[in-house]
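Sharing a structure here in structure tokens format.
Chain nomenclature is as follows: A, B and C, assigned in order of appearance, with residue numbering initiated at 1 for each chain independently.
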């Protein structure tokens, strides 16, 4: 009897350690990634990295200024497409939708969310690149924008639903029509959460490479306007990493560090912003 | 005959409350503010109010009492058509405000004329000033200066001005529970309503906060018709002029408060008041 | 009020809403929401239309053909389906034990503050872009595999066909390993949520009978959450199928089917990524789009199955409580 109890207790201890090991191993991957990026790329994140254009193939030095600006352009376009549609659809689902239409929209949004990013690139290719006969920032922005929609919808709907019903009622009891109550009380109450969700969404698409490979494509120079092939940070990392030049590898690490740094900062910042609400109801 | 508990204050405060004019019963005296006839209410297939008819007198405090879930709140919310914010509700019968059917009125205008204070205070996540000014802004009233005056006046009527006059731009959530509820009353008063509906406004408050609110309601009835749903019989007895007893979706009895509490006409009323159930 | 008044009040209510702007707001938001349905339809339509040439030329044979030859214009999907499936399967093989194990630790065994902190870090890991994993894949994982892990496996288990053949480094094996690292955070966070949703009285019932923490977890909680955990596996699988960058950087990009894991291979997403921008003639493009269509359908089906499984577990939990 006693032996059995000792056995069970040791199994318990062993499994506790094993599962803890699994968890720690998984977490340590994150630390490894950060560590290697800093180690390989830290020295290369210089002022010229941010301000210079890439040098001609084979030459060392240069920077990724155009890729950084290009990514900015693409994200702006993505936000223009993804945020309005996502936000308004979220408002519709939370405030106006009946059960049938609501189900349809939610289901479709989920479907869209599951589309692999490369297939999204194909979509933007057929919609924009084919008719225009060339790569462009527009195409890349469209691909990223459509990818933003599902999370923007979900985020908006969730935070709107979290606003207590009594706030809505209070506004309507004062004579506000439904849309006024939503616009002046409910949405402001949910604003912080919604903005955070959208910010995280942007951070996610900022790191996407696959949909840009044959939409925005790439550019070793500045791209003007929205109609030209545009460099972006993730595509640059990819191109440099698979190339045979050591100097390009060095720059890829630097770019990776910058990209990851931005993404992680946004994520940590968002989670820090979120629990803190200025107007937290008491009692 | 079993005498009901003497809610000591009942006699006293009711005498004071009925100071002006003849004491109006439900069917004589000044024109009733609300006239409800044969009201039936349905939530989906379930009926929750059965053939309610009553007249609510103007510029008096009318209390609606009865055990939980017997329809008092449902009835209250019908008076300013708040039931329409919930799906699957249906109303049959007539509700008149100043002899006009409320179904024929523009609902946002109705709700400006008939204000509501909820069971749990629900100030908006805005400043104290913006909370009170909300109704004014939404109804398109008031430039900045007149807004400030209206806000101050409402806060006075809600007996809150002295406590918040130096912190109007602070968040409403910085106030205590009782203060928040008075803020909600001020907010409702800002649009100058003819009637205010209060749904158990003190149920979440301590006795001191409750007393403050009862006192301000007492002063308020000079300008406003007040209908208050309450679980607290003592509160109904000491604070109201008229009382309606609801049971299982039916209106059992409606009378002047002191009459209802001292000599109830119906056995169910007497049983409830003496605490045999509830 | 009589029955006729019912429609009168409905009309009046509608006019009220119109005047107050509610109907306009409803319509406006509905238009944006419908855009989502439109976009999805368009997506499916474009995939279908732009793969028409290839579908008509090859028919069902497309899915079974091993040839991928742009020069002779003969295209088949099998090498890519093979590569995608194999690497994903390997990723699951490595990822499920690690991921579910970690999820069990975080949900059941760890004290709450440690659990929250570690979960936070895992969620950060889930936010790391694919191309960064690819960077690490090329420069850290592949050399490590090539110089240490793969020779070791070959020496000890080299009699198995999966561990035979020359070692290049870039291979199906490398892709599987990198993929596993990428899907572990997802397996962990979904499984953890599923485990947390198991009602407390289940655990308490077991513990009250004298079970150890591990016994309560393994014999009661995990079986209860079994369906949901399977759902998380399906979801992660769906993600793994669509992973492009990290895979294409380490898989070797060779459209061949081989028995050995050490051989280079190709996945659907990888070939599209590599060859799409260079495909010039219509049939080539159509074939690539058809591959995209196949991938799309696979992920849709898996996602639907996954959500169903997760729904079953959470429904059961709420029904139980």
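Assume contacts are C-beta pairs under 8 Å (C-beta built on N, C-alpha and C of every residue); 3 or more make two chains touch, one makes a residue touch a chain.
Owing to the predicted nature of the structure, the values given are computational and were not obtained by experimental measurement.
A complete topology is adopted by the chain contact network, contact being made between every pair of chains. By number of C-beta pairs in contact, A-B leads when B-C and A-B are compared. Averaged C-alpha coordinates put the centre of subunit A at 17 Å from the centre of subunit C.
The centroid of the Cα atoms in subunit B and the matching centroid in subunit C are 56 Å apart. Work out the mean CA point of subunit A and of subunit B, and you get 50 Å between them.
Multi-chain contact residues of subunit B, defined as those touching 2 or more other chains: 108. In subunit C, the residues touching two or more other chains are 20. Residue positions of subunit A with contacts to 2 or more other chains are 177-178, 180.
Residue ranges of subunit C in contact with subunit B, taken from their complex: 1, 9, 12-13, 16, 19-20. In the complex of the two chains, the subunit B residues touching subunit A come out as 80, 82, 85, 108-109, 111-112, 115-116, 118, 120, 122-126, 134-135, 138-139, 171-173, 176-177, 180, 184, 187-188, 191, 204. Only residues 8-9, 11-12, 15-16, 18-27, 29-30, 32-33, 36-37, 40, 84-85, 88-89, 91-93, 95-97, 101, 104-105, 108-112, 114-119, 121-123, 125-127, 146, 149, 153, 177-180, 182, 200, 203-204, 206-210, 213-214, 217, 234, 237-238, 241-242, 249, 252-253, 256, 259-260, 263-264, 267-268, 271 of subunit A touch subunit C when the two sit together in their complex. Considering their complex, residues 164, 166-178, 180, 184-185, 188-189, 278-283 of subunit A touch subunit B.
Every residue of subunit C that touches subunit A in the complex is listed here, in rising order: 17, 20-22, 24-26, 28-37, 39-40, 42-43, 46-47, 49-50, 97-99, 101-102, 104-106, 109-110, 118, 120-125, 127-136, 138-140, 181, 184-185, 188, 212-215, 218, 238, 241-245, 249, 269, 272-273, 276-277, 288-289, 292, 295-296, 299-300, 303, 307.
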